[in-house]
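Presented sequentially are two complexes of chain A, the first with chain B as partner and the second with chain C.
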Partner chain A sequence: MSQFLPALVSILFHGLAYAMVLYLAAVGLSVTMGLMGFANLAHGVFAMAGGYLTITLMAALGVGFLPALAVAILAVAAASVVLERTLYARLYTASEIDQVLFTIGLVYMATAAATFFWGPSPQHLALPAALQGDIPLVGRQFPTYRAFVIVMGFATALGLWAGIERTRFGAMIRAAVDNRAMARSVGIDTDRLFSLTFALGGGLAALGGGIGAEILSIHPAYAIEHLVYFLIVVAVGGMGSIRGPFFAALLLGIGDTACKYLFPEIGAVFIYIALFILLLWRPAGLFGRA
Partner chain B sequence: MTKLDRRTAAVHPVDHIAHSHRLRWPEALPWLLIAATYLLFPSYLALGSQVLIMVLFALSLDLVLGYAGIVTLGHAAFFGLGAYTAGLLAAHGWSEPISALFAAAVVAGAFGAASGAIILRTSGLTLLMLTLAVVSLLAEAANKADSITGGADGLQGIVINPLLGRFDFDLYGRTAYLYCAAVLLVMWYVVRRLVHSPFGRSLTGIRENRLRMHAIGAPVRRRLVTAYAIGAAVAGVAGALQAQTTQFVALNVISFHLSAAVLIILIFGGAGRLYGAFVGAPIYMVAQDMLSRLDPVYWFFWVGLLLVLVVLFARGGILGCVDGVRRRWP
Partner chain C sequence: MARLGTLLCALAFGATVAATPPARAAETVKVGVILAYSGQAAASVKQMDEAINLYMKLHGKELGDTKLDLIRRDDTGPNPDMAKRLARELITRDKVNLLAGFYFTPNINAVAPLATEAKVPVIIMNAATSASIRLSPYLVRVSQTLWQQSYPLGQWAGHHGIKRAYIAVTDYGPGHDAEAAFARGFTEAGGTVVGHVEMPLKNADYVPFLQRIKDEKPDALFVFVPGSRDAAALMRAYSDLGLAAAGVRLIGTGDIVPDNELAEMGNVPDGVVTIGLYSAVADRPANKAFVAAWKAEYGPDAVPSPFAVGAWDGMAAIFHVVKAQHGKIDPDRTMQLLKGWRDDDSPRGPIMIDPQTRDIVQNMYIRKLERVNGKLANVEVETIPMVQDPWPKLNPPK
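Now for the complex of A and B:
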């Protein structure tokens, strides 16, 4: 018992931090999937780009962590709008296989470009002094950085939730997810909405990639290696939902950490089996509609 | 339009479908090329066997993706299962190659049926994720079970008996090449019969309009699971061939990259045409052999770029473009 409780707290804490990174990196994919039905397997590239930009701005130009993060988010959001207008928009009506292949092509190009510019090894995020060390919490020491990630994750989730539920823009997104044709017929400019949502999703992914660079390390295979986890978060959460991915990320992050901690031999296998059972029970995800 | 006119107009497409299973002369081309390669390039037969294996692997995906319309990122799971089945049998004393092919087909097919029955209840992104999860699950299992599979070091100690008790697997890969070609010929014939059968027609129907197939009473999910399992079994045979001809199985036989590679091969060639695999695999494999020797990083970049261009400008792949040209200049 004396060992059980600290282990549990440790699993919860590290699982939460991991879950927040997964949530930030994947929530944009859920919304774009729900809005446009676009199977964007290259979503992880936005997170990877956010990570690389943050680290490079800090290392090469000596920018602080938070300003670098902000610049990375804006840059990735801007780049994702350009991509959306020039390339993705051509494929909204294409078949699923075309979208899949197109985005795999983007992932491959991004992987090669990242290797070309930064080399194959993982990049290290130099944390500012304020985020180094530990903070005491209920009689134990926790890494400040992970606590910061958890707080940022929750804050973003709350902000997103309020934005989607309480603002006019959020209402427009919800309307378009429910019924795109009807939303268009009442005068919502769905093309513009798509672009803005795509930018928002890209920016959120960049935030996840940048802020979580010490949890999911930034290296060229990032977008491929974590693709299955991003897709799990979206599919388990339910497409087009904001709430769903949050709870799905919590389940996956904490569950994965717990399994790897408690059963290091079969941990990852256990997660996949749980996933199959969950989706047999609810094929449309936790918060999705069949 | 009189009644008779309408009837004659309707006969033509029916004729077309009724005769589509007949062999036409261009279908001999791949086999002539395979024979010519054996005679003209005796020093490239090792690569040639790899190409033939990828043709078979892509052919199995054509059944699943091109005909049944199941978009999968996990087809390498079955290739890997077949490879490990044949490899483990041969490493533990079962050195007869042809019976091991059957064993690989049974194992991969059974796993395809079981996993298909679970994951084909879903569709879209969820299905995509589950196919990827199956590959990740098996890759993780193969990696963790290193006492059985050899883990990251690969499975070694594979011993293969002479083919039919007579033909040794020689250093130049002559036997291996002919073995792969013969297996490919048999599997091609099976898949060809299958896609022209009523079963194959109903798969195309499901791909084109699932709702309508439901409405006319076709057992849609059972058909899809069957197609998925057969595709898995054929992919397992391809994997087993790889294990037997290279006498080595590495973890990368179960990976996202191999799943993506076979998808790319099929799409480059042209999916749902039975011969896309024969066109895509040689081009992809030879290009990879030449370009990745320079630098594998650039190889990924060019594949990615080509993929984007194919999707934007040349849907239907190479065979699709050939069809388009033929339609314009008949």
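Now for the complex of A and C:
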């Protein structure tokens, strides 16, 4: 029994760190799918790009971790607007299968490009000294870096929530998710809103990819390999929701970690069983509207 | 991905063919190379492909008039269906004389029946599950087996002050072999296995598994994971969680410390002991020449890995059978030539194909992960000469 509390803390800690990376990488996908009804399977590419940019800026130009992360987020957000305007916008009215084929094509192109520029090996993120080492927590040592990821994840979730619930821009997004035609008829420029939201989603993914590079390592197959987890977070959370992916990521991150820790034999299938049961119970996700 | 890979390969191949002047009425030997060019093992497979190209470049002239056509296909990962389809196409459409490559065990297992049916000899350049070799009389393995590594390492650990060990392996054929072999060697040498875990093949983060192991406080953790991304993630989890400081030594097969990826592994704690068939810093003259040729071709920072050596020796085996038959490949004669084939000058030391099992016999080296001139390297500290795969003796054919 003396082992129970420390074990619980371990599970919560590592589960939270994993959950925050999943959340950051996937929340943008939830918003764009809910808002635009666009099945953007290439969302992971933005996370991957964020990771590669952060690592490269640090290694090649000697930029610090946080400035590199900030530049990566801005660069990916800007690039995602360009992509949205030039490519995605053409497919808003296309069928879902066209959207899926198009975005999967983008994933393959990104994979090939990443292999070309960085090679197939996973890239190592050289953490600053302040994030190396351990911090004590309830009688155990935990990696400082993962604690940082958790704090950043919560801060981002809080900021997003405030932004969506408390600002005019947020209200416009919510209005457009609820009823696009009505939102347009009351004078909301939905095209511009889409671009901005797309940029926000891309930037958040870049944050997740960059900050989580030591948890989900950055390599060319990143976007396809983690796609299923991003989609699970979105499906369980409910499309178009901001809160949904947060709780979905918590549930999956902590649940997955707990199973791997407590019942490693079945640890790998937990996430799929949980998805199955949750979607049977709530087909539209935890916070989605049927 | 597969299609893109195939397309690129086809384009690259077409370009090579177009650039080569027509041969003068010579024999052409076609070799289908099936490897996981994309996906989780891409980094290791790139090494294998580079070894194949370098071997062709340095030794191509030895074939004289005979032309060696390598037809490369991407099986994308542990993907038996795809490997089998590719092998069938290579055999029926391209009419290959030999098959080679195979990074993942499930893939070679799926292809083995085709090799028997079509009588196409297969040179396994990586996949390391012992039992695979029995699936067809047309298979030869030039890489290694997990038993060959893990059984002697278990004995070494038991004789070097490790009393309690925890086993963590990837949950598929080679992992099961590694676990059984290490447990057997270790308990025979007086050690106790205090726990074991089989981790999923598609797994991004090893921290939850290793945290559990840290809490059990064993003397050592024995690990097998497939190379590339998994090796880096495993090592990172080991250093992040401070297992070394907690008194848990990390030991494992060479797969967790691929020579070419050490530079990108970050802060790896000292004292990791592995067993392996090859280290890039080994002192043998044949290896020095090999590493020099590698650096001349791929740049001063390039380092060959054991995967590269598997493919390199696979090419040596292919050249052996092609030269001996002057380009006219007969499947059964090829198998006769491969059984008992030996090369005393491989970069990894002397190697031989056991005529009974068709599996490789080779030295195994105990290595310590240390910094040499500031760079992490696997320094060989002990040699176990000419190790046969222990598995067939323990599991005689029924």
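Note that the second predicted complex is superposed on the first by the 288 of 290 C-alpha atoms of A that agree within 3 Å, B and C clash if a C-alpha of one lies under 4 Å from a C-alpha of the other, contacts with A are read in each partner's own complex, and residues count from 1 in each chain.
Everything that follows uses one rule, which is that a residue touches a chain if its C-beta (ideal position, glycine included) is under 8 Å from a C-beta of that chain, and two chains touch if they have at least 3 such contacts.
Here the structure is a predicted model, which means the values were calculated and not measured.
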| item | value |
| --- | --- |
| Chain A as common anchor, with chain B and chain C clashing or fitting | clash |
| Which of chain B and chain C A:H226 touches, first, second, both or neither | second |
| Touched partner set for A:H14, first chain B, second chain C, both or neither | second |
| Contacts of A:L158 with chain B and chain C, given as first, second, both or neither | neither |
| Which superposed partner A:S217 touches (first chain B, second chain C, both, neither) | second |
| Partner chain in contact with A:Y108 - chain B first, chain C second, else both or neither | both |
| Contacts of A:E265 with chain B and chain C, given as first, second, both or neither | both |
| First (chain B), second (chain C), both or neither touched by A:P6 | second |
| Which of chain B and chain C A:H124 touches, first, second, both or neither | second |
| Candidates 63-71, 81-89, 117-125 or 243-251 of chain B: the single one with C-alpha clashes against chain C | 243-251 |
| Chain B and chain C footprints on chain A, overlapping residues | 108, 111-112, 115, 224, 265, 268 |
| Sites on chain C touched by chain A in the complex | 1, 4, 38-40, 42-43, 45-46, 171, 197-200, 202-205, 207-209, 211-212, 215, 228-229, 232-233, 236, 240-242, 260-261, 264-267 |
| Complex contact set, residues of chain B against chain A | 65, 71, 73, 118-119, 121-122, 124-126, 128-130, 132-134, 136-137, 140-141, 144, 256-257, 260, 263-264, 267, 271, 297-298, 300-301, 303-308, 310-312, 315 |
| Touching residues (chain side chain A, partner chain C) in the complex | 3, 6-7, 10-11, 14-15, 18, 108, 111-112, 115, 119-124, 126, 132, 134, 141, 143, 145-146, 214-217, 219-221, 224-226, 256-257, 260-261, 264-265, 267-268 |
| Residue ranges of chain A in contact with chain B within the complex | 33, 37, 39, 41, 87, 90-91, 94, 96-98, 100-102, 104-113, 115-116, 224, 227-228, 231-232, 234-235, 239, 265-266, 268-269, 272-273, 275-276, 279-280, 283-285 |
